[in-house]
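Should a chain be cited, it is by its letter among A, B and C, assigned in written order, with residues numbered from 1 in that chain.
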Amino acid sequence: MAGAVKKRGNRLERNDRLVRLALLVIAFSAVSVLVVITIFIVGQGTPIMFRYGFKSFLAGSDWYPSEKLFGLWPMIVGSLAVTAGALVIGVPLGLSCAIVLTEFSSKRVRGVIKPIVELLAGIPSVVYGFIGVVILVPFIRETFGGPGLSVLAASIILGIMILPTIISISVDSLQAVPPSYREGSIALGATRWQTVKMVLFPAARSGIIASIILGMGRAVGETMATIMVAGNAAEVPGSLLAPVRTLTSNVALEMSYATGEHREALFATGVVLFVIIMVLNTIANATSAKRRKQP
Amino acid sequence: MKRLGPRIEEKAVRVGLWVLTLITVGVLLFIIFFIMRRGLPVLSLEFLTANPAEMGKSGGIFSTVVGTAALTVLAILIAAPLGVGTAIYLTEYTWGGPVTRVIRFGAECLAGIPSIIFGLFGFILFVTKLKFGWSILSGGLTLAFMLLPTIIRTSEEAIKSVPASYRNVSFSLGSTKWQTVTRVVLPSALPGIITGIVLSVGRSIGETAATIFTAGSALRMPTSLFSSSRTMSVHFYILAREGISMSNAYGTAAILIIAILGINVLTYYLMNRFIKRYS
Amino acid sequence: MTGGAAIEVRGFSQYFGDVRKIRALDLDVMRNEILGIIGPARSGKSTFLCALNRLNDLVRGSRHEGTITIDGLDIYGPDVDVVELRRRLGMVFATPVPLPRSIYENVAFGARRAGIRGRDRLDVLVRDSLEKGGLWEEVKDRLGTSGLKLSGGQQQRLCLARILAVKPEFILLDEPTSGLDPISTMKIEDSLRRLKAEFTIILVTNNTKQAARVADRTAFFLNGELVEVGPTARIFTAPEDQRTDDYLRGRFG
């Protein structure tokens, strides 16, 4: 045996090393792309922010590119408003669905509802926006007044769009709670809802919070649907029924014809978006990490 | 106020939760039904195979179908090898050290970036600086970067779920690392990996914000990688927003939904059969 | 070749990070014997097997001291082809692990990795290995069915056939029958007795009776150390170390 086991050429090992190197290079592709994107967006967008001053850029309430006024405040408020609205709609509906799916339905019912929810995730955002324009906006206009294109419309549509995110992650978190928790609680005489409220929710809390934050990220980043139903007026919305423009819509609407400083300002909008999303993602990751560390 | 007894609270809550759930399900079914009711009648073989005429007011959507297919194929051709390769590296060749953390952080950040920012980025880098112009090339590259994190994540999960015992057996029989990966790990992980790729295909078909700024919105049939082209979702958006033709808009939307849902259903079916055959 | 130690272990210790799993092991394994290794859980028995075929190398932070020499070759030496080494020491694990393939492909797996091609050659090899593993009669008509469809005992014999197909010189078995019914256990033990003529066999088992039935010599491991080793009959009737006696009488473990 001794002889045969001596290294018969380094061929195999060299191959393995080459493969490993190639895969390492490939693996860095994701990082490189991220780095390149960050460099570009930040590189194109920050000079103008310095030039006009952060305060006037972020807090200025006038956005008139033709007069060199680049105040993003209305859009920042806009994004926050529709996101908050989306959460008001999406979280109760989504969590209810998640709870019903995991705790209150039989396997058969689950087999029907779960695929339907997953289908929700596959519908393109433009279709959501379209439904909003064709059905929701006229309805709001006729029932509540105002132009119909409003914070309310955007909130409802976005709320529906973030449902799959909230539902699927919450379902995962709830299912990850050890069965012994449930059994223990029921054995002590608690009803199912009491079990959910006092045992499962706290145990799955970080996962549920992570799902909400990710839903927030989705809502903040959504473009097409908001363009179609939000009205796109670059003013701080005065009420739920007022039209509003989000940061994303700001970029999408003016990209095609913006030049020079105007274009830089749009990149700066992108930078603001970028920062918001990164912050949200980091928080979501931190809460998920906490979840993984929990017993 | 007297506290409601737990029984009553339980019943009330159950009813409430179910109502909300049914609202959720109802909304979805309504959306699909609404689109299909007006869209299906528009669909015909001619609609699918004829090119748009009069800015889309009449004719079909064939050039947009081709454009969508071209963009998606290009995006997957780039993103799938990169994504699966990254997943293989992360699960099989590293041990969770700092390198892994950096790579994973990069992938997760990428996953959260909104599509409009990808559109912005693609516009500046591919369309403008690299002078590809509005083209399938620009669009495909941009979409590839968008899909990369999803493919990495789903592939990683699929590879991780291959039992460690399979690897041990392979090594103990005298396989190299690469042989183990290609002969044992990947075949077992394949259903999961393919599911992830197909999900990405669905996502890329429905993507509008990133494609409109990189592939443009030209209606004519694309002739090369450098042709500008309109995807079905962009076409739908323009038809609807400009009010060019509502019926064609519904038709396009119907096709979009059928395509995406159809792909998902087909994948689950294929994967289930595949899994049954091998275990 | 007659007699002579096939494997010589001298002062061998195995660490995983800071944890020492095997301590200063001195052990000889004789050619064409069945060496049984008994001992309570976590005493380093499986770790020892995995040190022989260097499967421990795959675990992060693993390192060793001392030497293991097989046929005069230091297996941890710089010139050693680990892949080939593992082929020469076939290992059967505690839980049968058929690969998700047909029976034929399971057995042919290792051979294919070694570069053996050609349908005819493989056919002969597969049949030969399944016969040696005691499974041929039961599966000869359904080589194309999935290996996962076999019963536990059949799966384990499939795993045995699988390693035989790569023509090892040693067979390492890590508690191979712990989950199996008595008949399957007996079939495997019969196979081992037959295989002894051609191979050197090391059998880790938590079933002392199995060691008594099958092993020529038996070694007792405790807490990563070799307590004693000797002819099976003597170990079981007149152990030299009190700890061995205690274990065999069931006073612990």
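Keep in mind that, in the parts below, a residue touches a chain if its C-beta (ideal position, glycine included) is under 8 Å from a C-beta of that chain, and two chains touch if they have at least 3 such contacts.
Small disclaimer: the values here were computed from a predicted structure and weren't measured.
When each chain is reduced to the average of its Cα atoms, C sits farthest from chain A.
Of all chains shown, B has the CA centroid lying nearest to the centroid of every protein CA atom. When the C-beta contacts at A-B and at B-C are tallied, the pair with the greater total is A-B. With centres defined as mean CA coordinates, chain C is found 53 Å away from chain A. Per-chain CA centroids place chain A at a distance of 16 Å from chain B. Each chain gets a centre from the mean of its Cα atoms; for chain B and chain C, those two points are 48 Å apart.
Looking at chain B, one finds that residues 176 touch two or more other chains. Across the assembly, chain A contributes 12 as residues in contact with two or more other chains.
Shown for chain C are the residues in touch with two or more other chains, namely 83-85.
Residues of chain B that touch chain A in their complex: 6-7, 9-10, 13-14, 16-18, 20-21, 23-25, 27-29, 31-32, 34-35, 81-83, 85-86, 88-90, 93, 99, 102-103, 105-110, 112-121, 123-125, 145, 148-149, 152, 176-178, 202-203, 205-209, 213, 233, 236-237, 240-241, 249, 253, 256-257, 260-261, 264. Those residues of chain A that touch chain B in the shared complex are 12, 15-16, 19-20, 22-24, 26-31, 33-37, 40-41, 44, 92-94, 96-97, 99-101, 104, 113, 116-120, 122-131, 133, 135, 160, 163, 167, 190-194, 214, 217, 220-224, 228, 248, 251-252, 255-256, 266-267, 270, 273-274, 277-278, 280-281, 285. On chain B, the positions that touch chain C within their shared complex are 95, 163, 165-166, 168-176, 179, 183-184, 187-188, 278-279. On chain C, the positions that touch chain B within their shared complex are 53, 55, 58, 60, 83-87, 90-91, 93, 95, 97, 99-101, 109-110, 113-114, 146, 148, 159, 162-163, 166.
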